[in-house]
């Protein structure tokens, strides 16, 4: 991904460390892609009836990760509060999707890969939320 | 919008009152549309330089409203916690976008209309969050 | 929808008749919403296995209608060629989704409503494509 | 990206060569991300007034690439005709965005990177369209 190069070329001061932003966007974009694939792979399974909750959470998680990636990619006139609440919602989506994929991961390799992507993405969102909170505290002291 | 008819035809028990869900989806969809139009109208103004924060928040608010509408439109195997955190993030997005449109609403009619859409959408998201909290409380008692 | 008011407040000359643009955006937004609901209602049916093609086309049609609505909502520095190819792709998505919903419309009310939304949206996209072609011809004479 | 692993785990027969699909999805996802960043970087420039067409095309291209990536990521019950028309619209979006970024690429490094991403993505979409046409021809002979 060329995200790092794009941020290095951005005219405004970034809201956070460039490595942290880039890592988070890359995780969000990958998780959105993997969840879209997992929803579709589940839909293609013979036992689709057992996978409806997984499909539903995959679709939600893909939508939320994509939206969160866009908001994080925007660095002009950022309001940290909005970024934080969206990252919190995204961390919840990733955790719920991970838990549901976990249930099917012995049976389906696509759920196993998706579980790992969601777990990683939740962790990275939480890390960024911590950094944002520290940043806000520093700013207001 | 045919949202009410679609929910009346849904095979599963809805998570909430059909009127409340429909009203919220319609507000979210309208707010997303109005924010997309407002970002573009701002971009077309001579004084675009004064409107960059407005454009940025319009884009964020459009993305978040659209994603929230999709999650609310899904009624199969709903996890109320995810719906609630996403509605909370959406209410923040609407409030921030409303506040910024307010600044330009004497000057630009499109910001005046967008301010009203965001204000309405924030209120309706908050109402649904209250209903969800009541529902959750009832369920666990 | 407040689309008409937003376009009346737009600082640039619109690419087409305001009524035609507004009608098309409203159809696209409604069709996206209905397709998202239909995918989810199909997923909630006992016989979901018979509805996988319908779910898949619903998801595609929802994504394409939403993207097409955004592109049409933007009236600053429009390139008509891009609008036309995207409307063409959208008309194909609506037609295919309509045909698949047709297959299930005796059985499922949500497929019946979705079929009608897709049919209407395809027609309105085709009308706008015709207008765009006329516009282009006039411009180049 | 874990796209290749996800397709290797898919229960259905893929519509095309796994390497070609994966390469195309990765290009679309990268181009969407770069276009979102470029729109925002342009918005943050002092001379934003000279960049309105670039911002507008960046937003269109980001939306279209993201939607096209989702449609290509779905491999259950694919209708090749829809994939082809959407890839065609995407190739147009990438070409127009590339041409506009070209205009500003001496001045802005972010437009230079974005031009390269769009150029690459257009080429890869065209390659996939050619493969699809061959596939269709073979199928009908």
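Labels A, B, C and D are assigned to the chains in the order they are written; within every chain, residues are numbered from 1.
As a working rule, a residue touches a chain if its C-beta (ideal position, glycine included) is under 8 Å from a C-beta of that chain, and two chains touch if they have at least 3 such contacts.
Per UniProt, the chains are A, B, C, D = Four-helix bundle copper-binding protein.
Computed from a prediction, not measured in an experiment: that's the story for all the values here.
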Task: Most distant chain from chain A, judged by the mean position of its C-alpha atoms - done: C
Open item on the list: Between A-B and B-C, which chain pair shares more contacting C-beta pairs?
Closed with: B-C
Open item on the list: For chain B versus chain D, what separation do you get between their C-alpha means, in angstrom?
Closed with: 28
Task: Centroid distance [mean C-alpha coordinates] between chain C and chain B, Å - done: 21
Task: Per-residue multi-chain contacts in chain B, two or more chains - done: 40, 43-44, 46, 52, 56, 59, 66, 70, 74, 76-77
Task: Parts of chain A lying in touch with chain B, wherever the complex brings them together - done: 52-53, 56-57, 59-60, 63-64, 66-67, 70-71, 74, 76-79, 81-82, 85-86, 88-89, 92-93, 96
Task: chain C residues within the chain A interface of the complex - done: 40, 43-44, 46, 48-49, 52, 55-56, 59
Task: Partner chain D, residues of chain A touching it in the complex - done: 1-3, 5-12, 25, 29-30, 33-34, 36-38, 40-41, 43-46, 62, 66, 69-70, 73-77, 108-110, 113-114, 117
